[in-house]
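Each of the two complexes below includes chain A, the first together with chain B, the second together with chain C.
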Partner chain A sequence: MAVVESILRFLVLLLSFFGTLALAGLGLAVIFGIMGIINFAHGEFIMIGAYSTSIAYGAGLPLVGAIVVGGLTTGAFGLVVERLLIRHMYDRLIDTLVATWGLSLILTQAVQIQFGGTFGSIPVPFGTFQYAGFSASMYKIVLGLTALGLFAGTYAVFTQTTYGLQARAAMQNKEMARSLGVDTGRIYMLTFAFGSVLSGIAGGLFAPLTVLTPTMGSEYIVEAFVTVIVGGTNVLIGTFGAALSLGLIQTPASQLFGTLGGRVALLVTTILIIRVLPEGISGVVTSD
Partner chain B sequence: MSRDIRNSTENRDEDSQNAFNRRNFLKSVTVSAGAVSLGGCTGQIGGADGEGPITIGTLYDNSGPLGFVGKGKDAATEMWLEQQEYELLGREVEWIDYNPAGDNTKYKNLTRKQIQQDDVDMIFGALLSSNREALRPIVDENQQLFSYNDWYEGGVCDEYMVINTTLTSQQRPLIDFMVENFGSDYYALVADYNYGRVSNRYARHYARENGAEPVNEEFIPLDTSEFGSTINRIREEDPDWILSLLVGSAQYSFFKQAESAGVDLPYGSLANIAGTYEHVSFDPPVMADTYSCFSYFQEIPTETNREFVENFQERNPAYTKEEGGYVFLSIADAWNAIRFYWNAVENAGTVDQEAVLAEYENGLEMDSPKGPVTFNGETHHATQNMWLAKVNDDHSVSFLDMDGEETEEPIAENVQTSEWFRNQCNLVDDSSWDEPRTEYLTPDEGDLG
Partner chain C sequence: MTDAGGPGAIARLRDLLEGQNTLGNSTRFWYGFLVVVGFIFAYPFLTNPFVLKVNTDYFVWMILALSLAVVWGYTGIFNFGQTAFFGLGAYTFGIVGITLIEVTGGTNVAILAAIVVTMIVSALLGYFMFYGQIRGLYVAILTLAVALTGNLILVRTTNTTIGAAELGGNNGVTGIPSLTLGGGPLSFPLGITAQYYLVALLLVATYLGLRILLNSYYGYVLLAIREDEDRTRMLGYDVRKLKLIAFSLTAGLAGFAGALHAAWGNFIDPTVMGLTAASVPIIWVTVGGRDTLIGPLVAAYALQSISTKLSTVGSGYTNIFLGAVFVLVVLFFPDGLIPAIVARWRERTADGHDIDRSNTTEAEA
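And then the complex of A and B:
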């Protein structure tokens, strides 16, 4: 019995770490992988997703519907940001870094002024998963599975739709794609919006587990960047592989050495991986 | 401390409604007085000893993560000043209210400005220990009387600082109560910074005196909001109760996640409920079975407190339950701070700072929403009653005695600073206005025993 319990404990924790890393990183990875833009306001996009989810939930929508609203709101917001800010800075990595960092400060303060220090809390749904002496939050299991679902969805978008085909073309060779008639500007716009939707959904999914504050984005930004750095430019395999391998490190480390130990292990692993694999896990996948 | 659990949009609304009140008028006047002076200027604008108005300054965050705390403290200050019709010793009182916005550099600059440019007679301010430590050298250098009144780990032994709030050592009854009623194995969750670590040291010491021992102490980074492994470890250790020194909105996620993971242990908290009112912010039963010990809770069942809460909420509807607010510890402490000052000045018959401090050191006494409080001259800290609050299943609050029976009395009366601190710090004997002690003492492992 005790063995089964230990295995369950490990699996549920792994699923929960994997879910957090993957959800936090996916939106950032899509934007970085395809557009080569590092969105420093990524944490605030997650925050916007969480806030709009909470507003929709407060207005009476079921949680799933509210999360969809959160994703779409963040997507619409991303679209506006892309049109007003990002599109003027294509291929200017450092400039976008500074611009989006500024954006993140503005967003945090604007939300602080508009909504104050904290915001309506959403109760954790689905209750408790119980097996013998082991119990865990069912929602965390759902969170990990939803992350898998989002990967599948993103995979479908990139392989099954015209947008996905063109996006991959633009990513591999922008000039060639353009000369073949792909409107890369439009692709980038859609990509930024799509990445924003993913971040918004992540925010909505995190909302019940956390306390909503204007600075909540900073709780996920480390996870997001670590996942993307370790993953490299390959949006799907890289991010998935990074979230899984980092989760596999963080789970036993935090079990043995506590939350702080888990965090340290996460960052040390990241340093080691980018030392050995400068292009991250994507480098392994694409080199052979 | 960091307690960004709650703010409310209402605070703003209420602010804009009072857009033309006296304080804002004064603020606009003083703000337009110009940029921060870079030192040297000690002009007698406010008239410290003259017959002009008495000037008091406040430095409470009105924005930033702790903006809601500072706004509450300003609201308490304003309520008192209006009740006194801005008059003390027959002289007009001018209130100079700045917003340091949680920024230590601003804290320093605004402290300098209040001392050197506004020439204030008294300053009330700082929320976090880090704010206070940033400005304390300036206060000391300029021999400025300063009231710090937000809960902290204790340890300031400074001639120019007068302090009234709950110290970790004063919360000892919580540890005694938890060990007595739930058992000797506890699991400590500690915010990993100075306040958390020092407070945990006190907690462990008091637990050991009761024959109790932590089964584990987990130091948790402040921005942690994922508690899966912590919850697993708690389950493995199977403690009798959990000691919470969790601080900041990210860490409050623990309570939600523990609830949904089916953790059903009592929480003994040195850091929650009184100051950050999680029992109002979270839906029941997330905080049910939390025990918290502080000098003040909005629910304290005395006539003085009911009246105080009623008055305060009537003036500031953002702090009512309907608006998701709460009259929290920091508000009551700001209220007591300015009243202590009033008493000291009235006794001294002047605002001369040395004379006023002498009155503080004589031991001021007054009744307050917390119950009777006295000022201890040797330590410059307040002696006060401690209440043990229990959060019930519906998130209402009951007060308990040591046996766990409901009561309308505090669990401990006239609680002073820790014995260790009293042995270290005697500002009456070892310090004077011109030869001051200005220290910040932290007990090391073993010092307490």
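And then the complex of A and C:
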């Protein structure tokens, strides 16, 4: 019995860490994988998703609907950012990074001025999951499963839609894609918006589990960064593999050394992994 | 700054300091430089101790700006977590300084410890990054992740003591000793004015020292690494080792600045490693012009003064201002404001030659 309990405890914790890492990283990974740029305001995109989810929830929408609103709002915001800012810097990778960092400062402060230090929270839905002496928040399990669902959805977008096909073409060979008539500018615009939607959904999903503050984005950005570093440029396999393997490290580390120990373990693992796999998990699966 | 005697000595010194890797190689520049340095050293006679105290910290930030300009602007290593080393230096100075507070010359040991610890930690991180040969953007997000995780650790240090120092979590370390020069019977604590002079002297020395470094053979190799890493490697240079050395040395300089900052304020808290703090040096270097030394210096001083003014007015708009300046400069002056101004000025003067800003810093002979 005790063995079953500790296995369950491990699995539920793993699922929840996997979910957090995958959700935090997926939006960033889509933009990085296709466009090759890092959105430093990624944490603030998650924050916008969480805030707009909370507003929609407060207006009476059910949580699922509110999260959809959060995703779409963040997507629309991402579209504006892409048109105003990113578009001018397609060939200046480090400048995009720096400019989005400036954006992150502005967003954090603007939200602070507009909404103050904290914002309306959302109660954790679904109650708890009970087995013998073991209980866990059902929502954390749902979080992990939703992350799997988002992977499936992203996979479908990249394999089943024209956009997905063209996006993969633009990623593999931009010049060739252009000469075959793919409007890469439009693809990048849609990619940034798509990545933003994913970040917004992640923010909405995180909203019930955290305190909504203007700086909440920096709570998730380390998770997002290490997931992308370990995952590499392959959006799906890389990010999935990274979230799973980092989750497998974080789970026992946090059981042994507490939450902080788990997060330090994430960073240390990442630093060790790059020594062996500079291109992350993508370097293994797409070795040529 | 040149008391070295005859014109021959000055010419030799200028030869060391000047080169196409740094802005400001004309006689006119050096006259201007002497005027500015003269003003800095005359400033204590013109103003009150409070202004001096504030300016001392600006000078410390300017040393941090220089360290980032060399590692990012000149070597092309996107170290976005330079504040991690600044903070590590500050905390090390605080811990060692408090522990050795009764010992004469304790703060000298603490300064040394701050530099050594940051260099060791940065060398470890650098080893994994550069010997793993990860690419540019990964370095950027990994170094930032290190800073943010450092912040996370420091926030959780309530009731933790190292040596005699209470780390205090979010409240930070208090009671850090001020700088004391010398040791034994020859030790003397520094007042506000003396600290100002010391830090100003260190800043000028750092600036001139880095100019000599960047215009030396080693400086050219650093630039070669920035311009084309593969080609530099094929020319027989051990790029991994050189990057590791540059990363670790500039981290040590940042740690040194952190120690000065902790000694200046007698206090340090985890916000130095936060996301906003990490962005601030990046903003100075970007706005000033990342492949110059003078640009980040001017930008650090100007932006810090403006930020201080904005926050004393009590508006919450400091970060919006900084962020907006940042985004606008990146959009319209990707090479930074000082290079843009210099280019414009050269165009206006009749003897201006063609400036190709996309390449390395063009020198005025």
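Here, the second predicted complex is superposed on the first by the 287 of 288 C-alpha atoms of A that agree within 3 Å, B and C clash if a C-alpha of one lies under 4 Å from a C-alpha of the other, contacts with A are read in each partner's own complex, and residues count from 1 in each chain.
Just so it is clear, a residue touches a chain if its C-beta (ideal position, glycine included) is under 8 Å from a C-beta of that chain, and two chains touch if they have at least 3 such contacts.
Given the structure is predicted, the values throughout are model-derived calculations rather than measurements.
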Three-chain arrangement built on chain A, chain B and chain C clash or fit:
clash
Touching A:K140 in the superposition: chain B (first), chain C (second), both, neither?
first
Between chain B (first) and chain C (second), which, if any, makes contact with A:T118: first, second, both or neither?
first
Which superposed partner A:R178 touches (first chain B, second chain C, both, neither):
neither
Answer with first, second, both or neither: which of chain B and chain C does A:I94 touch in the superposed model?
second
Where does A:L105 make contact in the superposed view: on chain B (first), on chain C (second), on both, or on neither?
second
First (chain B), second (chain C), both or neither: which does A:R168 touch?
neither
One more residue to check, A:V226. First (chain B), second (chain C), both or neither?
second
Between chain B (first) and chain C (second), which, if any, makes contact with A:S218: first, second, both or neither?
both
Taking the two structures together, which residues of chain A meet both chain B and chain C?
112-113, 215, 218, 260, 263
Residues of chain B defined as touching chain A within the complex
4-9, 11-12, 63-68, 192, 218-221, 223-233, 235, 249-250, 252-253, 256-257, 259-262, 281-283, 286
Using the touch definition from the top, list the residues of chain A that touch chain C in their complex.
32, 37-38, 43, 85, 88-89, 92-95, 97-99, 101-106, 108-110, 112-113, 215, 218, 221-222, 225-226, 228-229, 260, 263-264, 267, 270-272, 274-276, 278
Chain A residues touching chain B in their complex are 9, 12-13, 16-17, 20, 112-118, 121, 123-124, 126-128, 130, 133-140, 208-211, 213, 215-216, 218-219, 251, 254-255, 258-260, 262-263
Which residues of chain C touch chain A once you look at their complex with the stated criterion?
78, 125, 127-129, 131-138, 140-142, 144-146, 148-149, 152-153, 156, 274-276, 279, 282-283, 286, 316-320, 322-327, 330-331, 334
